[in-house]
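One chain, chain A, appears in both complexes that follow, with chain B as partner in the first and chain C in the second.
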Partner chain A sequence: MSQISFANIAITAMATTVGNNIIELEDEKERFGFDDDSFSRLQRSIGLKTRYIADEGVCASDLCVQSAENIFANSGIKKEEIEALLFVTQSPDYKAPSTAIIMQNRLGLPTSCGAFDINLGCSGFIYGLFTAFSYVNSGMKKVLLCVGDVNSYFSGERDKIFTPLMGDAGSAIIIEKKDAPRSFFSLYSDGSGYKHLIVPAGGARTPSTPETLIPKEREDGGIRRDEDLFMDGKEVFNFAIKTVPPLIKEIVEFAGKENDEIDYFVLHQANPYILKTIASRLKVEKEKVPLETGQIYGNQNAASIPGTINGFLSDEFSSKKLTIAIAGFGIGLSWGGAVIQTDNIYAPKTELYKKEL
Partner chain B sequence: MTQEKFLARLAEEVQLDRALSADEMLFDIAEWDSLAMLGALSVFDEIGVNVEIDELENCKSIKDILNKAGFDS
Partner chain C sequence: MNLKTIILKAVKDVNEQLQIDELENIHEETPLFELLDSLGTLDLILELESSLEEHTGEYIAVANEESMDKNNTPFKTIVTLENYLLQRIADESN
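Now for the complex of A and B:
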């Protein structure tokens, strides 16, 4: 069990940018081949309403750059103070080089800044935050963490199983050395479940061919290419409800806290149904477990935790000292949690992507 | 929760317009699919019984589900 705590390191700013196209699920019935009955059942069970999608050609890095520029323009934090840029994404601008290095240049950060990508999805914010905290713990003063995905990069155009759930977002977070209460992290991985969430082709194991780019109807009724993400919904649901409640219990205990000392449990917003099930098993007040992000913005992948904070809790995080438990879980399989305290951070409301930037 | 109330909640989550009875077989219920099983899980959560989707998949009848929930039907 990897439990690590850090002293005197804190998040001081967090901003999120989402795709500027607001899609009503109702308008996508034909695209995904839903009949009226199955559509209405899906809406009632999963609770999806809208999702926010980027224009074609807009990358996750674009959303994150806008979020980072928001922070630099408005929080008093200066670009020349940044010593590392970490970019958690599964939709990089290119297969190589790391998109973080391109972002270093786009943002005008000093060349003395280290930069690299981290290939993770739903657990990515926790892992990225842990990495940033570790860098500050090693001696850096300020680190910029960016987390984001444009999910159309890897989701099937007509895949009714996965694509209707997904939204596009990019967040930027500043982590810096300052007087702050201890923070607590715990990380897990289980590669035996790698096939439950996977883009099967297009990598080195199964290279891209004309065949891997042909959309086909699959056993689960979804239409996907081999280069689109496959999700075994049942396995992922089972994994989430089995691992997340014990993870939260473990991390809150590690932090020496009780549940009633935690102001919010901000979990990866996979879909409202998984969250409702996890929330009921946590046995905490419903008000402490935000779960609307997936219904409104879609599953924002690694950006869903900051996406929830900027999307629904901006006023709270901007004006108060808060103790939060956060957890990310999913592709890998990979999961992790943390208990951290924030104190009047710069946390503006989520913004739409502006094309002119 | 009584057995009657449990069956009413289950029918609601499965999105049936009628009541469920204990002697029904699941393969006779067209709406009993993976979405319905997710809904059934939430009813189990309401009564504080932890059950996994695999267990629900292995159920053949409403009676099997009631037994899992701790009702002697």
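Now for the complex of A and C:
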């Protein structure tokens, strides 16, 4: 894609809600069949400590609705001003209709609000943000972007390869017309790598059958169904190290900035080693590259960039004007980056999901 | 300690947990990358980085964009890994 920039459009609010069950990885040793040695390997190499998981039956839309209600209750932004609701998820409430349309009604947004889902994972925040900026650029006043996943929807209950990495989160972000410096975006996709991160069955290509629902031990040692997500760890690691540093270099140059003019590089929280390696290749101070989100909350998919901002940088974003570079990368394969400026936005600390809502 | 000894020790340390038979009697052409899963490769990278830092006094990032590329990985064998690390150390000192 060509590089695209937008003038006078900005994020003005961002909130994140996470699953209300805090699971210590240590407590899951038996569930995933880790012995002491393999458990300490996992802690050493990926640094996992805890993850935040939603109760059974709680959907990604529930987490996003709480985040959106937080914004409407506390930021001064009014529901009747929202002209589009976009929901980036891989765990919709139903196969059809789009969950975003159901959320329009639950949130009490006007029926004049357009709503639809976008099916993306870890790159989804960038793609969703780009779409929201485009809509505002085309004349809409305010767009509500929701991003999130409940990972139990597609991760094997006993898949020790993938499931221990994952956390549940849903974010809501308001994008609106505002005096603001230009924002810069760049998006990429490469479908030749689609098999490296895939839910192989349950779609029209390989429909669901009783067989595809049976958990089986796989070559990589994980126990999962054909309808659970498979990740080729080596390929995904390689993809991230190969694509993300040039992406960030490109987008920072496109924005006419130097790395030292960027306050934070907020990247999809795949795993701390990947983030540390990317920071080292970019020669960026490690303090500017937050990397704790996955260790504390689990991999939050499309919500991991707002999840990092609300989880660890809430005070900074609430009180300062910041120039940030953001990048998401993952399933598809797909990746994208942006350089944007935020100015004292409404960015409360991450909340736990409240069942009563 | 020379570089090959550092590599062999790192592989041995990683394999203490993995218990892969072929790595017990490792030789120069043992197909390292084929035998290690992604976590094992990452574990070896971390072991090498920490050992190199101990010996050189500097952090040297071992992973590159081909670390886990099955066709071009420097982790194919002890020999390819040694050559790669020599180059990385030279790059860092320049």
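Just so we're on the same page, the second predicted complex is superposed on the first by the 356 of 357 C-alpha atoms of A that agree within 3 Å, B and C clash if a C-alpha of one lies under 4 Å from a C-alpha of the other, contacts with A are read in each partner's own complex, and residues count from 1 in each chain.
We adopt the following convention: a residue touches a chain if its C-beta (ideal position, glycine included) is under 8 Å from a C-beta of that chain, and two chains touch if they have at least 3 such contacts.
A quick note: this is a predicted structure, and the numbers were derived from the prediction, not measured.
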Based on the superposition on chain A, does the combination of chain B and chain C result in a clash or a fit? clash
Scan A:T212 for contacts with chain B and chain C and give back first, second, both or neither. neither
Between chain B (first) and chain C (second), which does A:Q3 come into contact with in this model arrangement: first, second, both, or neither? neither
Tell me the contact category for A:T131 with respect to chain B and chain C: first, second, both or neither. neither
With the two structures laid over each other on chain A, which partner does A:N238 touch: chain B (first), chain C (second), both, or neither? both
Comparing the two partners chain B and chain C, which touches a greater set of residues in chain A: C
Of the residues on chain A, which ones does chain B touch that chain C also touches? 41-42, 44-46, 233-234, 237-238, 241-242, 273, 277, 280-281
List the residues on chain B that touch chain A in their complex, please. 15, 31, 34-35, 38-39, 41-42, 45-46, 50, 52-54
Which of the residues in chain A end up touching chain C in this complex? 37-38, 40-42, 44-46, 220-221, 232-238, 241-242, 245, 273, 277, 280-281
In the complex formed with chain A, which residues of chain C make contact? 16-17, 37-39, 41-43, 45-46, 59, 61, 63-70
Write out the stretch or stretches of chain A touching chain B in their complex. 41-42, 44-46, 233-234, 237-238, 241-242, 273, 276-277, 280-281
